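Here chain A shows up in two complexes: once beside chain B, once beside chain C.
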Partner chain A sequence: MELPPFTRKVNPEVPRLGVSTCHFVKMAATLREKQAAALRRMLNFNAPITKASSNEPQWKILVYDRFGQDIISPLLTVKELRDLGVTLHLNLHSDRDTIPDVPVIYFVMPTDDNVQRICRDFENQLYESYYLNFISAISRQKLEDIASASIQYSCVAQVSKIYDQYLNFISLEDDLFTLRHQDRDAISYYALNRGDVKDTEMEAIMDMIVDSLFSVFVTLGVVPIIRSARGNAAEMVAEKLDKKLRENVRDARNSLFTADSAPGQFSFQRPLLVLLDRNLDLATMLHHTWTYQALAHDVLDLKLNRVEIEESTNVQSPAGSPRPMKKKKSYDLNTNDKFWHIQKGSPFPTVAEAVQEELDAYRTQEDKVKSLKAAMGIEGEDDSAISMLSDNTAKLTSAVNSLPELLEKKRLIDMHTNIATALLEQVKTRKLDIYFECEEKLMSKSVQDKSLMELIADPEAGTPNDKVRLFTIALICGPHMSEAEIDQYCVALTEAGCDISPVQYVRRWKAYAKMTAAPSQYGGGGISSTGMFANLVSKGSQFVMEGVKNLVVKRHNLPATRIVDALMELKSYQDVEDYRYFDPKLLRADSSSVPRNKSPFQEAFVFVVGGGNYIEYQNLVDYAKSKSLTSPKKIWYGCSDLVNASLFLKQLGHLGKEI
Partner chain B sequence: MAVDVTNLFKATVKSVKSRNKLSGENGSGDKSSILGHTRKKGDFETKAKDVVSNITQLRDFLLTHRKEYVNTGSHLSTEASKMSDAERDQIDNDAQSIIRKCQESIGILRLDSSQQPVHPQVKEHRQIVIFLMGEYLKAICKIYSEQKAVRVKRAVDRKNISRLKPETKNSPIKNTDLSSLLKKTKDDGTVEENLSSNAKTPNLSKKVPPPPENQPTFSPDDDISPEEAQMFEEENKALYDEMNSMAHEVRQIEGKVIEIAKLQEIFAEKVLEQEKDIDHIASTAVGTTENIIDANEEIREAIQKKAEFRVYILFFLVMCALSLLFLDWYNG
Partner chain C sequence: MTCRDRSNEFLSAVKLLQSRQGNGVAPIRQRKDLRAKSEFNVIAKRIGKDLANTFAKLEKLTLLAKRKSLFDDKPVEIQELTYIIKQDINGLNKQIAQLQELSRAQRAQNGKHVQTHSNSVVVALQSKLASMSNEFKQVLEVRTENLKHQKERREQFSQAGASTNMPPTTMAGQTKSVLFEEENRQNGGDYAINMDGMDKTQYQNQLTLVDEQDSYIQNRADTMQNIESTIVELGSIFTQLAHMVQEQEEMVGRIDANVEDTQLNIEAAHSEILKYFQSVTSNRWLMIKIFGVLIVFFIIFVVFMA
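Moving on to the complex of A and B:
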C-alpha cells in the first residue's frame, strides 16, 4: 500500500493557518519514550499494559547481557523495575542459581555465546518458563540451535515466547541516541580508519551500524529519506541501510513499516536521515567546551547519564592534621530532573547562578516549614484559640505532605552543587576557560591575544592532553603553518610532556582530505569575554569564580549543523550539492541523485559514523530552537558512540603511531 | 515494534523433531516431551500465589460493590439507597478481616522464607516477592479506606443538612452516631497504616450551614401572656444559639482531632523507620568505644616501648663513646 511520492507531499497552494498546523507529523512519543514503552511491554510478558489502577503483581526475573544492560540502564531505574515485578536482574554470563517456579525474561543479543548460554540454562532447568527477547533479529540457524536444545532437554513447552525486539540502540535523551557503550571499540573511529583494517572487518562494522539504525527506524515506524556524502564510511552505511529498508518494505507479509503503526499518527512528511562521517570535522571532537552537559562529559566522564565524582571529606585525626578521605559517589543525571533538563545546555556561569537561585528558593521553603513548627509550639498551650489551631493544622498537613518533595529537591540541589564544584575545580586547575577562548578564536579566525606558543610552553595551564588538543585544532582550522613551524611546535609540545602522534596523524589526514574548504565552515562565530566576574562574586555565591573568565558564547554553527541546515532547507551549498540521495520507498533502486522532494524537511535524524559528542548535539539543539520561530524543526542526533576528547585523542594517537 | 517469532520457533521445533526422527536419535527424549513435563510447584510459590489471589478477590469484591456503597445520589434523596447501613458495616468488617488475614499470611511467609536454607539469589527473590505482595495489599487497602472516608463524609454531610429538625432533641444521638463512625475510621487507620483523602474530612467542620430558624411553637395548654411568650422566645433563642455554637465548636474539634491523628500516624511511621537506623547507630557507637579503648591500650604500650628503646639507644651510644675513648687511649 504505497503511494507514489508526489501525492504524499503537502500541496503548497493550500493556504495554511500557521506553520505549526500545516502538517500533522505526530511523532508524539519520542524515540526514548517508545523504547521505554517497548521495554515495559516486554517486561509485561509482551502483553500490552492495561491502565488498571492496581494490577496483580506478577513477578519475574530479568536476565540481560552487556548490550541489554546498556540499553535498559538509562531508561528504567531499579525501583521502576521492581514496580514492574522484576525481582532479580542478573547478567547472562554470571553464575545463576536455580530459582524454581518463576518465569524468566531474557533480553540479549543473538550471538553464539549467548545462545549457547541459554541452551545451558535449558539443560540446568533453572527457571520455570522462558521468554526470550532478542535485541535484534535472530537468524534462522540460531533459532534451530535453540529448538534442538529445547528438544534435547525436553523443555519445549516451557519456552513460552520468542520475540525480536529491534531495540539495538541506546537512547540517552529524548533526541540523543548512541549505538554502543560497553563494546565501543569495535565501532570506534580507530576501528574504522585503521591502516590495516580488512574488508571483512569493515563489512562487519558496517553491518552492526546498519542493524542498529534499522532498529531505530523500526521502533519509530517510519521510513526516512537518506542523504550522505560521497566516498567515505557514511556512504557505505547509507547504501546498506537503503538496501535493508527497501527489502523490508517490499516484503509485504513481514513488513515492519505498515502504514499506520499507531492510531492518530499521520505523517505527510517523512524525516530526513543525514549520514555524516567523522572525518568531516575532527576539531569539534577535541574542542574544549563550556556548557554544563558537555563539560560533565569532558571532565567528569559522563557515561550513560551517570557521573562519578571523588569527594574528599576531611577527617580529623587525633594528631590534629586533617586527613582527606576520598569517597566515590555516582550521580544519575536524566531528564526527570527538571533543573538538569533546563540547564544542561547553558554555559557554566549560568549554571552556577541557577544552582544558587534554587538553593535560595529551597532555603525559604525550609524556613517556612520551620516557622510553622515554632508557631505550633506556641499555639499548643492556648486551647481556647481554636480558629488559629485550625489554620495551623491545615498548614501542618500541607507542610508534611510537601516534605518528600522538599527532600527530593534538596537532594538534587546537593547533587548539582557537588558536580558544579568538581567541574569548577578542574576548570581552575587546568585553565580550561583560556583554552576554550583560544580555540573559539581559532575556529572563528579572529585575532588572538595570546600566542599559541605561550600557552603550550606554560607549565601551569592544563594537562598535556589539553595542549595537544589545542594545537591540533590550530592545525586543522587555524592559519596555514609551514612545516618548519609545525616542527617547532612539536618540539615545544614534546618538552611539555605530550605525545605528538595525534599531531602526525592529523597532518597526514589534512594532506589526504581536501581540507581547503573545511576551515571556512567554522565561520560566523566568536566570543566576547566580559572580564572578571563581578556580578557573580557580588551575589555572594559559593562558587568563587575569580580568575575564571566569564565567556559568553556567541552562537555559531559547526560544520555538521551547517550541512544539516542546508539539507533540510534545501539550500544549495557547494559541498552539499553532490550528496547522495536514497529513498527506500521508491520502486526502483535508482542511483540517480536527484532529490525528488521539493519542500523543506521538518524532522531530521543526524547520524555520525565514527563517534560524536555533546558539543555537536548541543549545537544542533540550539539550531533547532533558533529555527522554531520561523519553522519548527525537530532534530535527533545519533552517533556510533559518544567519545569525549581524551578518548578521541587516544584513538588519534594509536592511528598516528601506525603511520 | 517487536516481532513475534514464537510461531516460527514452533515450526522450527517441529522440523527439527522430524529431522531427528528420520536420523533416529533421541527416541526417548521425544516421548517424554510428548507427554508433557509437569513440574511440581514449590511450596513458597503456591502459598504466595494463594495470598495474591486472595487480595485480588478482595479487590474485585470492593470494586463491584463500590457504586452501591458510595451511593452517589443526592443527600436529600428519599429513595431507598441500594445498600443499608448494616450491609455497609458488614462489608467493612469482612474487608478488614480479609486484610488482617492477608497480612498475617504475608508475615508467616516472610518468617518461613528467612528460615529456609536456600541459595542467596532465591532468598533475595523471595524477599522481593514478599515486598511486592505487601505493596499490593497496601494499594488495595487504600481503595478500601478511600471508600470508607467518602462514606463517613457523606454521613456527616447528611447530618449537617438534616439539622432542619429541632436540634436539642436529636443532637446527642446524632453526635454519638457520628463519633462511632469516626472511631471506626480511626481503627481502620491503625490496621492499614494508611489513610488517604486527608483533605476531605477537614472540610466537614468548615461547613457551617446557617442554623435554620426555629418556628416558635405555642403550646396550646398553657395560658401564656404575650410578654411571657416573648421572654420564652428570647430565652429559647439564646439557648439555641448557645447549643449551636457549642455543637459547632465540638464538630470543629472533632475534625481537628482526626487530622492530628492522621498526622500522628505519619510521624509514627517515620519514627519506626528511623528506629532501625538508630539501633544500628547505637550498636556501632558501642563498637567504636570499645575499639577506642583498645586503641588507647595499644598506644600506651607503644609509648612504653619507645621509652625502653630510648634507654637502649642511649646505653649503646654511651658504650660507643667509652669504647672510642678506650681505643684512643690504647693507641696512645
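Moving on to the complex of A and C:
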C-alpha cells in the first residue's frame, strides 16, 4: 500500500524549497536538437566534439538503411554532412565499391537482413575500419553473428566500435516526432485494427512502438509518468513501456537514466506521457483544415518536412506551338526558416498577407542596394571625390555583405509564394473553405446554413474524397441520423462517385465504441466568417482570394487536447477518471495504483497510437500557448506516423471492405 | 551519453568464439597487415594536418591583432605571423590544386565511389581553405582598424604643431589605396612640433624625435601597404577557390532527394515494360508469325538433313 521506506529518498515529486521556478532550465533543449547532437557525435566516431577535431578533417563514409535515411534527412543536410567529414552517403543495400582506406560509419537497424549485408561487407573487405551504430539495441544473438563473421573473414581488428544509439524515432520539429515514414504500413491504423490481425503481429507492432518511445526517453534522459485509457492498444503500449523502463532503471549497472546523464537538469517534476489511441477521435483525421502547415500536409502531401509542387511552364517546342511542361520542384520547410516558424500555425489568409508584407520589405531593401550601386557608379568616375570613397566603401561593404542574406530571403519568399499559390489553387477548385466551415459547424454543433445534401450533390465542390470526409464527420459528430437517412446519403455519395466503404466502417465503429461522451467532446468551438476579402484585394496583392471566405476560427479544444488538459491540471473530468497510472520509478508494478502526484504537470508528451496529423499537433501547440501566461506548459506531440486525410480515408476504406 | 557502447561485449564474444573454435578452421583470407595506403589519402591527410596547423597560427594572430593597447603593440611579430600565414595559404592552395590533378588523373582506374570520395575530399579541403582565407582577411581588416584607432589616440596624446610630410617614397607607391587617402586627409596639420620657446638641445631632441616618428610612420605605412597587398592577393585566391568549388558543387540538398524521383522513374519503366509485355502476349499475329518462321526453319532443317 504505502511506499517501502527506501524509495522515499528517490521520490522526485517533492519540490525543493525555492527552486520550483527552474523547471525548464535544461529540459528546454529540444528533442530535435538532442537527436541532432547525438547524430553529430556518432559521426565523430562517437567521441565528443572538440575544437581540435573540428579543425582537422577526418574523412568517413556513411552507410544507412531506410530507417536511418528517414531519421537523418530532416536533421542534417548534405552540406552539414560534408562539414562533418562525410564524403559519401550510401544505402546499405546498394552496390558499393571498395574504398580501401577510409573508415565507414553504419547507421542501421539491427535486423537480420542488415546484419547479413554487413557480414558480406566484411567478406568483401570494402573499407578500412568499421564503426557500427545500431538505431535500437542489438540483440546478443546478432552480436555473436557479427563476431563470428568477423573472425571468419579475419577483420576483428577492423571492427572498431559497436554502439547502440537509441535514436529510433524521427523528429520533424522541436516538439513533433513520429516513428516511421517509409515503413509506415506496418504500424498504421489499418494494421492495428484489421479484422484478421494475429496476436503475434499485434505483439510485434506493440514492441516496435515501445522500442521507439523508449528511445525517445533515453535521448531525453528522463523517466516520465505514464497515463493511458483502458481497453485499447494504448494500454498495451503503456504496460510494455512501463515494464521496459522499470527494468532499465532498476538495472544499476547498465541504466541509461543515471542521475548524471543530464547534467544540470533541474526539473524536479517529471513529465507526463499520455498515451492515446486513434479510436478516440477519428473526425480530426478527416477534418479539412485551414492552417498553413496542416494545409500543406493535406493538400500538398508534406513528407518529412518536404513538399513537392508541380509547376507548369510554357516551353517553346521545336514544332512551334508552346507546350506546357510540368516540372516538379521540391521545397524544404524546416525551423531554420523564420517565416515558416512563425506562420506555420496561422490560418491561410494571414499567411497570404504575411508573404505579401515580406515581399514588400524585400523590394525596399533591394531598391536601397540598387541606389547605392548607382551612387557608386557616379562617384567612381569623379577623381576629386575620392575622399567620399571610403564612406561609400563602408556602405558598399555592408551592402555586399548583406547580399547573401538578401538572396536567401528572396529564395524563401519565392518558395512560400509558390507554395501558397499552389494551396490557393487547390482551395479554390475544391472549395475547401466551404468544407472547412461546414465541418467546424458540425463539430461545434451550431446550425448549418447549407445543408449537407446540397454540398454532396454539388458536382463542382471538391473531390469525391472531400465529400466522403464531410459526411463521415457528420456521421461521427453531427446530430443523430436514422438508418434511412444514412442510406439516402450513401446513395447520393455513390452517385457523386465516392467509395462509401469508409462510411460502413465508421458506422460499425460508432456502434461498438461507447459514444456517450462523443457529443460533448467537440463542443465549445465556433466560427465567424467575416465575408469577402476586401482588404486583401485592395492591397493589390497577387493572392486574389475573392470568392474565398476569410474564416476566423475560434479556438476550441479537440478531444485529445481536452484529455491532456484534464490530466495535466489534475482536473476531475469524467473521461479520465479511470485512466491507468504507471510510474516506472516505483519499485513494484502497481496495477491498481492511484495517482500519487498532487501538483499539476508542466511538461507533457502526447503520443497517439495509430496515426496522427498536424491538426492535433497545432491544437496542442495553441493550447500550450494559451496557457503560457497563467501556467507555462511545454507539450510534445508524437504519433506512430503522420497520415493525411486521404491516406487515412484509404485505410478506413480497406477496413470497411473487410466487414 | 544516450548511447551504449557494445564494443567490449563484442570483443568478449569474439574471444569466446575463438576459444570454441580451437585449432579448427583457418581463417578464410589472410589479411595483409600493412595496407598500402593510397597516395591520394596520404596527401589528403597531410594537407589536413597543415590546415589544422595554419588554423592554430591564425588563432594566435587573431589574439594579437585584437589587442588595442597603445604601447604593447608587437608589429614585428604580427608582420612575421602574417607573412608566414600568407605563405602557408599559398602553399596549401598549390597543394590542393595538385591533389585535384591527381584525382583527375586517377579517374580512369578508380571506381565510381572512390572517385566521388576523392572529389568530395578535394571540395571539402578547398572550402576549409576558403573559410580560413576569409577569417584571415577579417583579421587583417581588424588589424587595420586598430592601427587607425591607435593613430587617432596617439594624436590625442601628442602635441599639435607643424606637420611632417609623409616620406615621399610611400607616395610614390602605385597603390591608390583608401587608407592612404585617409591618412593624407587626416595628416594635414598633424605631427607638428611645437617650436615656441625651445632650446637648441630640445630642438635637437625634437629633430631626433621627428626622425623616430618618421621611421615609425614609415613602418606603419609599410605595414598598411603590406596588408593591402595581402588582402588583394587573398581576394584573388578566394575567387580562384570559389571557382573551383562552384565547379564541383553538389546539387543535392538532402540525402533522400533523388530517391523519390528514381522510384517514380522505376515505376514508370516498370509499367512501360508491363504494357509492352501485355501487347506482346496478346498479340496473336505475332505468335502466328513466329510459329510460321519456326516451322519453315524446321522443315528446311529436316529436308537438308534427310
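Annotations for the structure displayed:
Heads up, the rule we're going with is that the second predicted complex is superposed on the first by the 620 of 659 C-alpha atoms of A that agree within 3 Å, B and C clash if a C-alpha of one lies under 4 Å from a C-alpha of the other, contacts with A are read in each partner's own complex, and residues count from 1 in each chain.
The working rule: contacts are C-beta pairs under 8 Å (C-beta built on N, C-alpha and C of every residue); 3 or more make two chains touch, one makes a residue touch a chain.
Here the structure is a predicted model, which is why all the values come from computation and not from measurement.
Once chain A is used to superpose the two complexes, chain B occupies space that clashes with chain C. Contacts of A:371 after superposition on the shared chain: neither chain B nor chain C is touched.
In the superposition on chain A, A:306 makes contact with chain C only, while chain B stays out of contact range. In the superposition on chain A, contact is made by A:77 with chain C only, not with chain B.
Look at A:139: by the touch rule set out above, it reaches neither chain B nor chain C. Look at A:330: by the touch rule set out above, it reaches chain C but stays clear of chain B.
Of the two partner chains, chain C is the only one touched by A:89; chain B is not.
In the superposed pair of complexes, A:69 makes contact with chain C only, with no contact to chain B. Only one of the stretches 224-232, 260-268 or 278-286 belonging to chain C overlaps chain B in the superposed arrangement, and that stretch is 224-232. Overlap of the chain B and chain C interfaces on chain A comprises residues 38, 42, 46, 56-57, 59, 61, 82, 85, 87-88, 90, 96-102, 128, 133, 137-138, 140, 143-144, 146-148, 150-152, 154-156, 159-166, 218-219, 221, 254, 256, 261, 386, 389-390, 393.
Chain contact summary for the complex, chain C toward chain A: residues 1-7, 9-10, 13-14, 17-18, 21, 25, 27-31, 35, 37-38, 41, 44, 48-49, 51-52, 55-56, 111-114, 116-117, 120-121, 123-125, 127-128, 176, 178, 181-182, 185, 250, 252-257, 259-261. Contact residues on chain B toward chain A in their complex (touch as defined above): 1-6, 8-9, 12-13, 16-17, 20, 26, 29-30, 32-33, 36-37, 39, 41-42, 44-45, 52, 55-56, 59, 119-122, 124-125, 128-129, 131-133, 135-136, 139-140, 143, 198, 202, 205, 249, 252-253, 255-256, 259-260, 262-263, 266.
The touching residues of chain A, when paired with chain B in their complex, are 38, 41-42, 46, 53-54, 56-57, 59, 61, 82, 85, 87-88, 90, 96-102, 128, 133, 137-138, 140, 143-144, 146-148, 150-152, 154-166, 218-219, 221, 254, 256, 261, 386, 389-390, 393-394, 396-397, 400-401.
Note for the complex: chain A touches chain C at residues 34, 38, 42, 46, 52, 55-59, 61, 64, 69-70, 72-73, 77-79, 81-83, 85, 87-90, 96-102, 123, 125, 128, 133, 137-138, 140, 143-144, 146-148, 150-156, 159-166, 218-219, 221, 254, 256, 261, 304, 306, 308, 328, 330, 332, 386-387, 389-390, 393.
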